[in-house]
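I've put the structures underneath this note.
Both complexes below contain subunit A, partnered by subunit B and then by subunit C.
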Partner chain A sequence: METPVIYYDRAEYIETDTGNKVSRKSVICGSQNIILGGKTIIQTGCVIRGDLRRTGGGHTVVVAIGRYCLLAHGSIIRPPYKTYKGIFSYYPMKIGDHVTIGEGSIVQAATIGSYVTIGKNCVIGRFAIIKDCCCIADNTIIPPNTVVPSFSIYDGSPGAYRDELPECTQELYELKTKDYYAKFTPRD
Partner chain B sequence: MQPATPFVYYHCACPDFFQTSGRSVDASGSRDAANDSSSASDRQPYVPFGTSIATDTDFSLFPLSRLYFCEDCHQIRCPSCVQDEVISYYCPNCLFEVPTASVKSEKNRCARNCFQCPICQNTLSVVANPDIPPKEPGSPEDETKPSVNPYHLFCGVCRWDSQEVGITFEKPTSLAMQLQKSEDASPDIKEFDHLKEHFEKFLRYNTPQSLPTSFLSLSSSGSFSKMGYNTSMQNRKGNVARMDDVGEYKASEHIPHGDMDVMDNLINIQEDTTVSNLEQRFNQVYDQPYDTNQLKPQRIHLRIKRSKRCRTCRHILIKPEQKAQATRFKIKLVAMNYIPNITMQMLPRKTLPLRQNVPTQLILKFTNPLYEEISVTLATPQQHQTKGDQVDAPEDLRKPWGRVTLLSPHFTVGAYNETIEYDDELLYGKPSALSTPAAATWENGVYEKRNNYTSILIEVVPDYEGDFKFPLLVNYSYKSDEDQLDTGGYEDEDGDDDDDEGGQKRSQTLERQPEERTKTYSFWCVVGLGEVVQ
Partner chain C sequence: MSSRTKIKAGPKTVVCQEADLRGEITIGNGRTVLHPRCRVVAEAGPIVFGANNIIEENAVIFNKNTAPLVIGDDNVFEVGCYVEGLGIGNRNVIEARGRLIGTTTVGNNCVIGSACTTDLHEKMEDNTVIYGSDCSRRTQEERNAAQASLHLRHLEYLREMLPKYNHLKQLPTDV
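Coming up: the complex of A and B.
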């Protein structure tokens, strides 16, 4: 089924020079530490904690998100933390291109590759590594430090390997995110 | 498995099945059927999979993304029409690529530090016990009390701890090596080694000098298969006699039957939390303990990368890069780059589900992945057969699905080119473009025609409640331009670029034809529109 055109309230979204569309009803903390690659959509109720960063030092990138990503309603991006040699610290998070994060999902991964789809209501644990071309099914809990290899479908709690994605996953997810961006239009 | 939501499944003409069973339905076959139906309009196109279309059980129907396209056979190939070959082995957790030579001796599992939790199958992490200081290198070894190892495995999900089952480690690396001894002592491993030893002499005599490296085999199953049906062995009759000389085998391991004890334990337990579940038991195959205290952490299974060949012509359709972390392909002939992609769309202000006996118009969108314009002809068999072969028709053909009217059975779809993307972004940016196309154009049954896609209208009238789906025969043809050599050269360059990027070729016309030719292909698909309500 083709996605229908998705209309949004023009007043609610800020569109940047590079085509990012960010809802004013989202919570973006520490925006100077956040990079959006362009044509990325951040919807109503999202939270990005760019303020949670390693103490000391000057300007750092805490959350880097690539192009054509979608942070659906109410999803939360929080950099991972750990206590190493007695010192509590946050670590940066990197998200690739063409990544979809479903409604209400909480992400504390270390890295998420490109062409990744995360379903609704998922929890991606601290320092999880999700490689390119992966699918995390709805309601999946990925435990901390988990590595999800490419072309995997993970689901369950704790999330486990269920199936393999087809070879054309990259094209599929690229089409999907571009299609969504093209159809995410203001209503006037 | 079958989605309740609308879908388009494509039919693979699976030569191994449909041809051997006397039902010739390859592309030429179905094309003939289509020609027949056009020349003699009273004949129905032949539906290879019958018209009851059990999409949930039919092995030949797949979403487009799961299909391949063989450039030599010019055919769709499904996962059962390709042959898999192992390219490389790797651990899905540490992503270490395991050399093929050591895969067997490491028993297809990670031989480094990757273990799965025996309780919840999560990946375990190695942690240091804070109460036990790590051994200092200079400390005297002759302490009277037995030294306690400072490291153990820990599950971050269910908090299982390997100290519970007495597994600890001296150092936090090479964990598998440290457990090697206890693993080698397990009865199944010992018995297997014993078996191997028993057959070794015989096998060594008969083993061919080199087994193909991609052979999917245990250490000696290749040789075992030789015992069964190697023709060269039948020629050398002397060896057949030798098969009897293998001698009687006696098991080396004797495990007492503990069935009564197990039963007693199960009768006496108060809580079910100490009884292992099936998944836990199957992860410890050799003894499958009922008691969770006897479950041991297992090394993580390796995964493989596979190349895929067309089983008909042996050409390679999929060849991934060998490296475990690479997601690129040297060869990738996937169907979505060769055949029209069909998706469904609702008309504005119309929604599913369909209603019984209510005509509903829908949009079928055809997207062309080729660099040439294609012309498409559609056909769908009608359920109301007024004359002819109703008696001969197989039972499933008499089962109706409703009426389907293709308002535009012939149409063209524009060629793909790289600049389309930008147009699309401009298109949706303008509010005017979002207004529905003029009603006048609908009369041809074409809803929208842009870039490399054409959306056509169909009308369906479901006769019964339940899932509504219908078969669709898609014929498509394209021809090369007069100035094909120029565009051919241009596409060649693009093809090279694509190769660098992932080896995907979108165009079939890279091979230059001396004269202009029309190429015609056809395939069947099944369009499902979900539940019908009253």
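Coming up: the complex of A and C.
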């Protein structure tokens, strides 16, 4: 399927050396604790909470995002929290490559694998683990601590297994994210 | 929309710069934390917070009525929730994208689950939980000590960590 070219306002987006495109209208807290792998797009109104770091000293990475990811309009990435051995702390979140997070979704997962598509208006609960090659349908609520296995489609509230994805999912999602990045071009 | 913005907050309140506060807002003398990008809009009447509340990003608290919207202590308003209503008790959790609408009043120790909505004119009894895709109701047990200590530790953490990475709003502290 041929997708249309998406134009953006050149003044709104900052492009880094590694090809990340970050909207100036997004809120990025604690940017020194956030790693973007390259060619990742962060659109208008996103919130990434890099300030909610692990207690204890030293340099810590709070949010690590891989290559060719898309954080669509108004999505929120915030690390999960819990008390462990009586100490309250937020814990780091890792997102793989070729991950699409839909508009208005709220992600508090511990790990998201590579080649994952999350639909619009989803809520991914605290410490959920989403493995590689998954699809979370629009408006899904994944409860805290859920493990979503590879090649599965989840939907509903609370999110439940619905269907499985074909073996070619990896190639499909890789092409999709690369295509989106290539077509996300400035208007001038 | 009321044009004047009048905010009173206790000395231990942490309000991030990007928080959007409008109208007459009173925050009690305790460790309330307002994350960046939250909105508290007292459109017609004032909004009165108790102590030790957490209001996360993209949460919206709105008062359309002329009567004050009184919110108790130890409540958590998670990411992207929307709150109207006539009054909220203590120790409630409004989870991510929960909606509390109309003239609803909430008792104590209630939970509005992720993406769940209250009825327009509901009176939520103590310990009610709204959950699932059909917004079903059930009653939970009284809050135990572990939950209370988690909330306190969370507040302590935020009070220590947020000022390191965010600019804070300076508020008049004359409660």
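The rule we apply is simple: the second predicted complex is superposed on the first by the 187 of 188 C-alpha atoms of A that agree within 3 Å, B and C clash if a C-alpha of one lies under 4 Å from a C-alpha of the other, contacts with A are read in each partner's own complex, and residues count from 1 in each chain.
We adopt the following convention: contacts are C-beta pairs under 8 Å (C-beta built on N, C-alpha and C of every residue); 3 or more make two chains touch, one makes a residue touch a chain.
Please read all numbers here as calculations on a predicted model, not as lab measurements.
Of the two partner chains, subunit B is the only one touched by A:S150; subunit C is not.
By the touch criterion defined above, A:K183 reaches subunit B but does not reach subunit C. Look at A:C133: by the touch rule set out above, it reaches subunit B but stays clear of subunit C. Of the two partner chains placed around the shared chain by superposition, subunit B is the only one that A:E167 touches, whereas subunit C remains out of contact.
After overlaying the two complexes on the shared chain, residue contacts for A:V5 are found with subunit B alone; subunit C is out of touch.
In the superposition on the C-alpha atoms of chain A, the part of subunit A touched by subunit B in one complex and by subunit C in the other spans residues 125, 143, 158. The touching residues of subunit A, when paired with subunit C in their complex, are 27, 29-30, 47, 49-53, 55, 74, 76, 78, 81, 83, 87-90, 104, 106, 108, 121, 123, 125, 139, 141, 143, 156-158.
Those residues of subunit B that touch subunit A in the complex are listed here as 5-6, 65-66, 90, 92-95, 120-123, 125, 156-157, 303, 318, 320, 324-325, 327, 329, 332, 334, 336-337, 343-346, 363, 365, 421, 424-425, 427-429, 431, 434, 502.
Contact residues on subunit A toward subunit B in their complex (touch as defined above): 1-2, 4-5, 115, 125, 131-133, 143-147, 149-152, 158, 160-161, 166-172, 178, 181-183, 185, 188. Residues 18, 36-37, 56-58, 79-80, 95-97, 113-115, 132-133, 149-150, 153-154, 156-157, 161-162, 164-166 of subunit C are the ones that touch subunit A when the two sit in their complex.
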